[in-house]
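Two complexes are shown next, each including chain A; its partner changes from chain B in the first to chain C in the second.
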Partner chain A sequence: MTIILYDFELSGNCYKLRLLMSILGVRYDIIPVDFYPGRQHKSDWFLKLNPLGQLPVLVDDGLVLRDSGAILAYLARKYDPSGLWFPTEPAQLSEVLQWHAFADDITATASAARLALGMFYDFDLPKVQAGAHRLFRLMDEHLWFGEREGRDWLCAAPHPTTADIACFPYVMLSEEGGISRMDYPAIRRWTDRVRRIPGFMVMSGIFPAGRAAAE
Partner chain B sequence: MTTPSPIDAVTRDLWQVIAAVDETPVGVVSTTLLLDQRLAFSRDSEGNPVVWLRTNEEHGDEIDLATVTARLPVIIGYGYIWTSFGNPPDHLFPIPEYAESDRVNMSCGSIGVGSSAPRIVENFLDMGHFPYVHTDILGAEPHTEVKEYDVEVSEERDEVLATRCRFFQPRAALSATEGIEVEYIYRVPHPFCSVLYKSCPEDVSRQDVIAIFLQPMTAETTRAHLLQSMIDSTSTITDLRRFQQTIFGQDKPILENQYPKRLPLDPRAETPIRADKSAIAYRRWLSQKGITYGTIPMAS
Partner chain C sequence: MTLSTTDTTWYPVASSTDLPLRHVFHGQLLGRELAIWRADDGNVNVWENRCLHRGVRLSIGINEGGELKCQYHGWRYANRSAGCTYIPAHPADAPARRITNTTYPVVEAFGLVWSANNGAGEFAPFADAEAGDWFALRPVPVNAPADAVIEALEQFAFAPADDDFRAETVAERLPGLGIRMTARSVKGSSSAVFFVQPVDAGRSVIRGLLEGTPEDAIERLHDHNATLTALRDRLERAAARKPAPEPLTPSFEKVSVELSTMPEITIGSALTLRAVVKRKWATAAGITAFELAALDGNHLPTFQPGAHIDVHLPNGLSRQYSITNGPGELLSYTIGVKRDLASKGGSEALIDSVREGDVLAISEPRNNFPLRRDTIRTVLIAGGIGITPILSMARFLAKSNLPYELHYIVRSQDQIAFRDQIDALGANVTLHIGLPRAAIAETISKTLGAHSFAQHVYICGPGSLLETVRSTAADLGWPDEAVHYEYFRNDRVIDDSSAFEVELARSAMTLHIPSGKTILEVMREAGLQVSSSCEQGACGTCLTGVMEGTPDHQDVYLNASEKRANNCIMTCVSRSLTPRLVLDI
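Presenting the complex of A and B:
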């Protein structure tokens, strides 16, 4: 019984799953998919796995899963014995899902800007960049007020959840889309905290955090 | 948009890369930017590339290429389409290894980088960053020393050549199974292109070839075209592309955070260390040639 991740190294959505599996200590095999320049995610063999033609796809014991947010939830429910990464208490569950949806909005804006500049996708660059800044502003305020209340993570729980994993990659890669994080100090502090979670791993374009300053 | 930078005479007459042949659809318009000029290009029914100055064409339009009469010069080399705004030479610079029948030749994608072409060439020549940027692949602490190497500018071939470059690499190539001391040769045969030769883990008597062909879109933004010409009998093209994209994806944020984005050619502008010998030779060579596009020339 092996987990197989259909993966593209430079994809933030694929990295979300590599990151959570690294944190949870879950073993998996990678099948590389040539997203660029090969466009294999639109090839016949891949469309049989995911008719939407989107990465990532994860196969666990024959079960074929798509959508990075859904797979994060699956992995956390199945492989996190603590139950903390994807809580089931109704209010907490709803809060996590709300941030999963927010992460999809980050993908539609910050990730689109990165694809436009890095891989020449035909997106309206100023529009997606402005969209990302609107989301980052909201997120920065949320995190800033959280810090005042002693909350370190996106959700109210006193520990990280899949919400943090879902939002992290395309925030960290935003500069490749020409979206500076200079004006979002609370976001920058949060990305440092995510990078210090035990089991954290990098991807191309994301470097490890330095050590935390002594308290 | 920033104001277009003037194109110096040398740059105008060079062949400039614009796209991989196989990634250019037949009968459909592709668009790009070269030296601040908007280009359109496509391939005819026989697969031959056609390049022209873009007017009102949109990316993805179907086109009958017989209607395109004002064409720019075109040459195909190493799997890529090259064009020019001036009077380019008869041939591209040579990479003889590319023609060896048992090599796996591939493009690795054309990647946009928010930096000048000369900055990217210089980063490609630099070994000092391996342990810090390509950690556990092309380098690892404590093996951080760049050992003494040789640099010359070949008069005959008009290129910068760095030889006897050695570096300890934990995973020199996809075919590597253990850390090895790798020997590199770097060539800069074109102001915006560099070719490196490195020991091949699969066959010690031969070298893998990795080239970077840079398309200056503007003076401070570049399309980087990556070529691999490998001796590797087991990996797939997808695997080999992934390895190279992983490396380049690590370089990209470093390049995009280098300021100034244009390469200063005044030797006093930035402080080199001994490991930067090849960069010093490259800057001097650009300066002597009179390349101003993508650079900050010496004050005269």
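Presenting the complex of A and C:
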């Protein structure tokens, strides 16, 4: 029984899965897909795996899965015995899914800006940058009040969930899309907390945070 | 109003709550980016957001509690001074002290962190600030010029609480882009102050303080955030209709070529500081500790673990003492002085005649005993008073969570110095109390074990212990470069019977050195300015390059392989085996 991740090293969406599997201690193999400049995610062989032509794809024991948010939910339900990473209690589940959707909005803006600047994609750069700032403002406000209300993570639960994993990568990579996080101090503190989750791993452009102060 | 990059007004740049421990805040004032971080001792640092090495932002660096580490090549900078303490590419060297980042003035007051350009006067709190109890609102960044923001705030319908909407509000300008709002209603009056942080020509942050902590704090924070956010949206719509102002262009000092390549040798600083004895206490039997602070209350110069200072004594002598401090502890240096009846009177003078409040002349720290931070295993061995540099090393390694073990050899329990600090290091410390002389070699041998890659040992203590560790380590296969030590003094009998010629290549001078006189003495008689300190071949201050001839090494500063290389000499004790010696001086 093996897990295979069809992966592009510089993809934040692929990194979401590497990150959660690293935290959960799940072993997996990687098949590299040359997203840029090779555009292999639009090649015939890849479209047979995912007709949408999008990364990542994860194959677990023959089961083919697509969409990073859906795969995060799958991995958490299947490989996290604590059940904390993707809760099933209705209110909590809905809250996590709201942030999964928010993460997709971050992908559509912050990641698009990064693709435009770094991989020459044809996006309306000022528009996607402004869109990312709009989302980051909401997120910073949510996290700033969270700090005062005793909430460290995006969801109300007293522990991180896949919501945090889903939103984290393209927030951290935003500067590659010309989107400064200087105006979002609460987001910057939250990224420290995510980077201190045991089992955290880095990717290109995402640096470690160093240790927390001793309690 | 036009913003100026040279404006020296104090502005708030962060909230106190923006700076939890082990975090680096990313700020900006008048176009200049800032890395703002709180050290574990509570001190807030406001630095230029640029590593001196390759210009990478320090705001993405790692706050290690007493030092900030650049994410790119790992250069560490000390809390308070921003002096460089370690360069991973030169792990065996002490960085030059002049590698120091640009710092800005900082005051933390009323829940805000205030800063200004260098050259600013004393921080003056806004009127009646100190009488009030201030509650910081959520800062609101606005993409609009500061003058537009302050004008809008002046018209701002401020209501301290939601049932005060019928209050009459009076706005009064404060110096430094501030507004005081006082709302008066039948229920009484309440007030708030708002400051505009000029981030850049077209960007600002509104930082508000409510007078008094409200009972329903979270609700009040939400209310004020909502009204300020609405104000922000209005300001941004108005700003978007105008052409965007040109961003400010602060000037930056270029990093010198030497700084961005190799650290320079740190030997030979003559600068003297005046330090006040803040505290003097008996830290162990026969050992007196002195805490020395700057006269003006500012921080002292950057030091690295293993560094020492020269203390100029009331009786005219000068002596070297190691700094025991941990990383980023620059408000004072703590040294330990052992009463030594055999000495020339250095320790006696300090212990008997210097009192708390006295002022001493000390040198800037110098480091002949640098600590590597790239090891798999670091063994620290201290004997008696030799604990002083070793304690500093242990505290640096502990703060960075690097593996180390400290072996402290003392004759009896009451000789353990700096007990609190030793205890704080916990299980990393092994005390060896009252070891019989004959058992020392065996203990050292067991402790060291066979050498393997990236293991280093640092020893400080009496000459006999040093010799034991050096010979034991050599027997166990530890190479010279893995065995680090610092001599307090040279116990060897100096043979000064030889006579020879010394040619000073750069000074174009040839001197005759007769028997009974040192090279150093003759150079000084000839009018040369040469630095020296211990004058017994132990401290390394008078180290001089040798271009021709074979030195007769009599010092204890150079190690065996350095001596074999014959390319440098300690002019205070060493002489020449050849009739002529050419020095690079």
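We adopt the following convention: the second predicted complex is superposed on the first by the 212 of 215 C-alpha atoms of A that agree within 3 Å, B and C clash if a C-alpha of one lies under 4 Å from a C-alpha of the other, contacts with A are read in each partner's own complex, and residues count from 1 in each chain.
We take it that a contact is a pair of C-beta atoms (placed from the backbone, for glycine too) under 8 Å apart; a residue touches a chain by one contact, two chains touch by 3 or more.
Everything numeric in this text was worked out from a predicted model, so none of it was measured.
Enquirer: When the two structures are overlaid on chain A, which partner does A:E147 contact: first (chain B), second (chain C), both, or neither?
Expert: A:E147 contacts chain C only, not chain B.
Enquirer: May I ask you to decide whether A:R189 touches chain B, chain C, both, or neither, giving the answer as first, second, both or neither?
Expert: second
Enquirer: With both complexes overlaid on chain A, does A:Q92 touch chain B (first), chain C (second), both or neither?
Expert: neither
Enquirer: Which partner chains sit in contact with A:Q54 here, chain B, chain C, both or neither? Use first/second/both/neither.
Expert: In the superposition, A:Q54 touches no partner, neither chain B nor chain C.
Enquirer: Could you look at A:A209 and tell me whether it touches chain B, chain C, both or neither (first, second, both, neither)?
Expert: Second partner only.
Enquirer: I'd like to know which partner A:R181 touches here: chain B for first, chain C for second, both or neither.
Expert: After superposition on chain A, A:R181 lies in contact with chain C alone.
Enquirer: Go through the superposed model and pick first if A:S22 touches only chain B, second if only chain C, both, or neither.
Expert: In the superposition, A:S22 touches no partner, neither chain B nor chain C.
Enquirer: Can you list the residues of chain A that meet both chain B and chain C?
Expert: Touching chain B and chain C on chain A: residues 207.
Enquirer: What residues on chain A touch chain B, complex-wise?
Expert: Spelled out, the residues of chain A in touch with chain B are 8-10, 32-34, 36-38, 40, 117-120, 122, 175-176, 178, 203-205, 207.
Enquirer: Which chain A residues qualify as touching chain C in the complex?
Expert: 141, 144-145, 147-149, 180-183, 185, 188-189, 192, 207-213
Enquirer: Show which residues of chain B lie in contact with chain A when the two form their complex.
Expert: Result: residues 20, 23, 32, 59-60, 107-114, 223, 237-239, 241-242, 245-250, 252-253, 256-257 of chain B touch chain A.
Enquirer: Spell out the part of chain C that touches chain A in their complex, as residue ranges.
Expert: 14, 17-18, 20-23, 25-28, 33, 40, 60, 62-65, 69, 71, 138-139, 141, 205, 217-218, 221-222, 225, 401
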